[in-house]
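Take a look at the structures listed below.
You will see two complexes here that share chain A, one where it goes with chain B and one where it goes with chain C.
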Partner chain A sequence: MASGATAPGIRALRSRRRPPLHRRGLLTLLLVSAFGWSLTAVPWGAGLVHANGAAVIGRILGALLRPDLSAGTLRIALAATWRTFAYATAGVSLAIALAVPAGVLASGVLARRPGVRAVSATAFRAGLGGLRAIHELVWAWLFVAAIGLSPWVAVLALALPYAGILGRVLADMLDDVPAAPLRALRAAGAREWQVLLYGRLPMVRANMVGYALYRWECGIRSAAIMSFVGLGGLGYQIQLSLDDLRFREVWTFVGCLVALVVLVDLWSGAVRRRLSA
Partner chain B sequence: MFALEGVAKRYGPLEALAPLTLTIAPGERVALMGPSGGGKTTLLNLLAAAFPPDAGRLSIAGRPAEGLRPGRELARLVGIMPQGFDLVPSLAVVHNVLAGRLGEWGFARSLASLVVPRERELARTALARVGIPEKLYERTERLSGGEQQRVALARLLLQRPRAILADEPVSAVDPARAEALLALLVGIVAEEGTTLVASMHGVPLALRHFSRVVALRRGRLVFDRPSAAVTPEEIEALYALEDAGTRGVA
Partner chain C sequence: MARPAEAEAEAVAGVRTLAGTTSVPPPRGSRVLRLSAWAVAALLVASWAFVLSEENAGVGELLSAETLANAGRFLGRLAGADEDEPAFLNAAGWAEAGRLAWQTLAMSVLAIGFAAVGTLLTTMAGSRPVEGRRGWGGQLLFAAVRLSWVFARAVPELVWALLIVFVLAPGILAGALALGLHTFGVLAKLCAEVVEGLDRRPLRAVRAAGASRAQALLYAVLPSALPSFLTFLLYRWEVIIRTTIVVGFVGAAGLGREFRLRMSYLHYTDVALLLLVYVGLVLAVDAVGVGLRRLAR
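This part shows the complex of A and B:
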C-alpha cells in the first residue's frame, strides 16, 4: 500500500512538522535586524522637492471645501465611476473563475499519489506566483502595447494578478482545513474529489468569499489607478484634471471613488456577516 | 467478521500490540477495555485497515486486509463511528448524512446533491431513527455535541458497513446522554445485524451494552470473555496502577 493511499484511521498518528521553538526565535531576531539595517540604507536627505509646495498644498486643500458639483462634471464623474466599477467587477469575476480551478490544482489535494501531488502543486503554485509577481499596472502597460486601448486591457490586466493572489490564498486554505472531517469522509467511502466537494470547499467557503469580496474592493482602487494609462474611468479623469490644475474637479472624482469603495465595503460586510452567522 | 492470527504492531521501541490471535463473529458486540496506552486504539486502527500489521495475518469479512482497497470497497465492510467532531461544520445536516452515500455516488450526483439534496428520504429516515428528524436542514455547527454524534450515526446508517468501529464513542458527552447514545448505537447495530467493536472507558456501561469484553493492557491480551462472566476483581486488576516508577502519566 502506497503511503498516500492508506485508509482513514481512527485518529491522526502524525502531527505536522515544525521547526523547534528556539530556531524560530533566532529567525525572528534575524528578520528584525534586517529591518533595522534597511532603515539606514534609505537615502533620507536627497530627493527632488517642489520649491513652492506649500502654496500648492494650500490650493489643493482649499478646493476640498468646494468640489465642483456642476452638471457637466457630475455627468462625467458618474460615467467614470460606472466604468471603473465595471472594470473592477469584470476583472475580479474573471480572476475568481481562473483562481478556483488553478487554486485547487495548486493545493494538490486531488492527487492521491504524493509524486503527482508535488508536481501539480509546484507547477500551479509557480504559475500563480508568476501571475501575481507582475503588478496590474505593468500588465496594463503590456496589454496596451499589445492590444491597444480596449476595455479588455483593463479587465485582463486586473484579472491575471488577482487570479494569482486569489488562487494562492485558496490553495493555502484548502491545504489547511481540519483533517478529522476529511478522514471521516474518506472512511465513508468518498474519493478525493468528493472530499473536496463535501469537505474542503464547504469548510473554506465563508473565508474565501470574504476574501474575494475584499479583493473586489481592492480591485476598484486598482481599476481607478490603472485607468491612468489611458483606459478611462476615475483615475483617468483625476489625471486630466490634475494636469489642468483644476483641483475642485479632482475632489469631485476622488469623492466618487471614496463613495464607491465605501458602498462596496458596506455591502460586502453585510454579506460576510450573513455567511459567518 | 474479523480474524486475527498473531497480529502485532510496534511504534519504534514501543510494542503497541503484542502478537494477538482473536476472532470476532458477525453481529458480535465487542468492548475493548483496559488502561490508556493499552493498545485499544492501535487494534481499532488495524481493524479499520488504516495501516497494515507488522506481523501476523488479519482478515476482514474473510478477505486478507492488505488486499482491500481504501475507499468504496473498504467503506462497505467497515465504518468508523467518530467521536463527534468529525462532521463538516458549515454544511447542512442533510449533506453530512448523505455523505454516507458518497462511496456509491458518481460525480454528477455528488455535485447535484449539494444544490438539491438527492435521496432525501434516506436521510430523513436515518435522522428519524437517531431521534432528530427536525434537524434535516439545520447548519451542522449549530447542533449540540450529542446531536452531532447522532448525525454521524445517521451517516453510518446510510453507509451500511458490515462492521462499525468506535473509539470511545461516548467519551465526549455527559453520562446521561452517553447512556442514551450507546443504547441507540447498540439498538441500531442489533437491528441491522452489524458487528460492533468499541473501545470503552465506562465499565458498567460497557458490561451492560456489549456481549463480549476484550481486555488489553500494555499491548497484551489480559482476558477475553462474555460480559456476563467478567468479575469485579478482574476489572480492578486490569486498571490497577503499577508502582509509580514504571508507569507514566496516562
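This part shows the complex of A and C:
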C-alpha cells in the first residue's frame, strides 16, 4: 500500500484529536452492562407473548398492505388530521410566546450586574427545567383534572413543556453569541436591552427559527396522543379503531399522521437550509 | 479600554459580523422564506380560530371563577388538603414509589438499548454511500431502511405501545419496545447524518489496505463516529425517561401504570407522590447524562 492517496488518510486517522481511548471504552462497557442489567428486569418466560400473538401480528401487518381508503374513513381522517394540526400549531405558538421572555430572563443577559444576572438565570432556568421535566401527556391529565375537558387542555399541556425546552435552548443560544459585535454596540453607547434587540436576537434568529420549526413537528406527534385524556384528533381515531380491531382503519390514520409529520419536516428543512445559507 | 487601537479594530470587526448576520438572504431563498412566513401566519390564524370555536373553548370560560376554583381545589387535593395522612408523608408509600421508579429506569435503559442495537445494524445500509455507488440491491435496501426510519420516527411512542400490547403481555418489555422503536427512528437518522459527514480519508485508507466492509465499519467509521453516537444516545435517554411514564399508561409497568390507577381512583396524594418521584427520576437521569456525556467527548 504505497499509493500516494492513502498516506494522507492514515495521517488523518492518526492526527485526529480524541479523548483517551480507555475513557470511551469505559463508557461503552458501562452502557452495555446497563443494558444487560435491564434485560434481567424483564419477566422472561411463558405468558410474555399472547397465545395468539403471531396471528395478531399477521393481521396487523396484513392490514398495513391495504389500509382502509373508503370515502367515509378518509373524511374522518382528514378532519382528525386538521384537528391534531390545529392543536399542535396553537400549542407551539403559545409555547414560543412564553419561551421568548422566559428564555431572555433565563440567560440573564438583560442584567449588567453579575449578582442580578446569576439570580435571574438560576431562578428562570430552574423554572424552565421544572416545566420540561413533566411529559406533555402528564400535564394534559393534570389539566383535565383541574379545569375539565376542553381544547385548552391540549393547548396548555403542549405549551408548558415546550416552553421549557424552547426557553432553555434560547437561553443557551443567547449566552453563546460571539462577544465582539456586542462590545461594538456597547462601545456605541447601547444599553443592555438595545444590545439584546440589535445584537443578540438577530444573531440567534436563524438558529432559533430552525429549532422552533423542529419543535413544531414534534408538537404534531404530541398533539396526536392527547386523545389519551379524551381529546379528539388522530390519536383518538386510532384508539377507537384499535378498540374495534379495525386494523385497516388504524393504518389509514397512522398514515395521515406520518404524512403530516413528513410534510412539516420537509417544509421546515427547506426553510432551515435557506435560513442558514 | 487599555489599548484603544485594538478595541477599535475589534469593534469594527464586530459591526461587520453584525451586518453580515442581519443582511438580506440571497434572493432565491428569500422568496421561499417570505411565502413560508405568510403560510405560517395563515395557519396560525386558522388554528387558533378553530381551537377557540370549539366547545368549552372560550377564553372567558378558561378564566371563569368556576374553572379557577376547580383548579385551586385540585391543587389543594394534590397537597393533601382532604386527607389525614397524605401518601407523601408515608414511608411505605415512598418505598413502593421507589420500586416503581427502579422498574421505570430499567424500562428506559432497555428501550435505549433496543434503539442502539437497531441503529448499529442499519446505519451503514441507510447512509448515503460513503464509498462509490451501490448496486441496485444496495439501493433497494437503502430505500427500505430509510422508509422504516421515517415510519418508526413519525409514529409516537404511545401509538406503538397501543399496537404492541395486542401481541405482548403488558409489562416492561412491551413498553421498552414501543419506546425503542420510536427512538430507533430518531437515533438512526441522526447517526446516518454523522456517518455522511465523516472524513472519508481514513475509510479509503483502510479499504485500500484490503479491509472488508465490516472491518472498515469497525476500524474506520466507528472510531470517529462513536463520540457523536454516544452523545446522541445519552441525549435520547433523557427524552426516554420522560416518556416512560406515558408508555406506562398502556404498557402497564412502572410509574405510569400506578399514576393512571391512582388518578382514576382519585387518590390525589398518591398522584402527588408519584409526580415527585417522577420529576426526581428525570432530574437524576439528566444529571447522570451530563456526567456520562463528558466521558464520551
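The rule is simple: the second predicted complex is superposed on the first by the 229 of 277 C-alpha atoms of A that agree within 3 Å, B and C clash if a C-alpha of one lies under 4 Å from a C-alpha of the other, contacts with A are read in each partner's own complex, and residues count from 1 in each chain.
Rule of thumb we're sticking to: contacts are C-beta pairs under 8 Å (C-beta built on N, C-alpha and C of every residue); 3 or more make two chains touch, one makes a residue touch a chain.
This one's a predicted model, so the numbers in the text were calculated from it and none came from an experiment.
Chain A has more of its residues touched by C than by the other of chain B and chain C. Touch criterion met: A:Arg191 reaches chain B, while chain C stays clear of it.
Look at A:Pro181: by the touch rule set out above, it reaches both chain B and chain C. By the touch criterion defined above, A:Gly199 lies against chain B and chain C together after alignment on the C-alpha atoms of chain A.
In the superposition on chain A, contact of A:Gly53 is made with chain C only, not with chain B. Once the two complexes are laid over each other on the shared chain, residue contacts for A:Pro43 go to chain C alone; chain B is not touched.
In the superposed model, A:Leu27 makes contact with chain C only, not with chain B. Of the two partner chains placed by superposition, A:Tyr162 touches none, neither chain B nor chain C. With both structures placed on the common chain, the touch criterion links A:Phe124 to neither chain B nor chain C.
Taken together, the two structures place residues 1, 5-6, 8-10, 13, 180-181, 183-185, 187-188, 198-199, 202-203, 206 of chain A in contact with chain B in one case and with chain C in the other.
Within the complex formed with chain A, the chain B residues making contact are 41, 44-45, 48-52, 66, 68, 70-72, 74-76, 79-80, 82, 85-91, 95, 99-100, 102-105, 107, 110-111, 114, 152, 155-156, 159, 165, 167. The part of chain C that touches chain A in the complex is made up of residues 7, 10-15, 17-18, 21-22, 25-26, 29-30, 32-33, 36, 43-44, 46-48, 50-51, 54-57, 61-62, 67, 70-71, 74-75, 103, 106-107, 109-110, 112-113, 116, 150-151, 153-156, 158-159, 162-163, 166-169, 171-173, 176, 199, 201-206, 208-209, 220, 224, 226-227, 230, 233, 242-243, 245-246, 249, 259, 263, 275, 278-279, 282-283, 292, 295-297. Within the complex, the chain A residues that touch chain B are 1, 5-11, 13, 180-181, 183-191, 193-194, 197-199, 202-203, 205-206.
Note for the complex: chain A touches chain C at residues 1, 3, 5-6, 8-10, 12-13, 16, 18-19, 23-24, 26-28, 30-31, 34-35, 37-39, 41-43, 47-50, 53, 56-57, 60, 82-83, 85-87, 89-90, 93, 129-130, 132-135, 137-138, 141-142, 145-152, 155, 178, 180-185, 187-188, 198-199, 202-203, 206, 221-222, 224-225, 228, 235, 238-239, 242, 250, 254, 257-258, 261-262, 267, 270-271, 273-275, 277.
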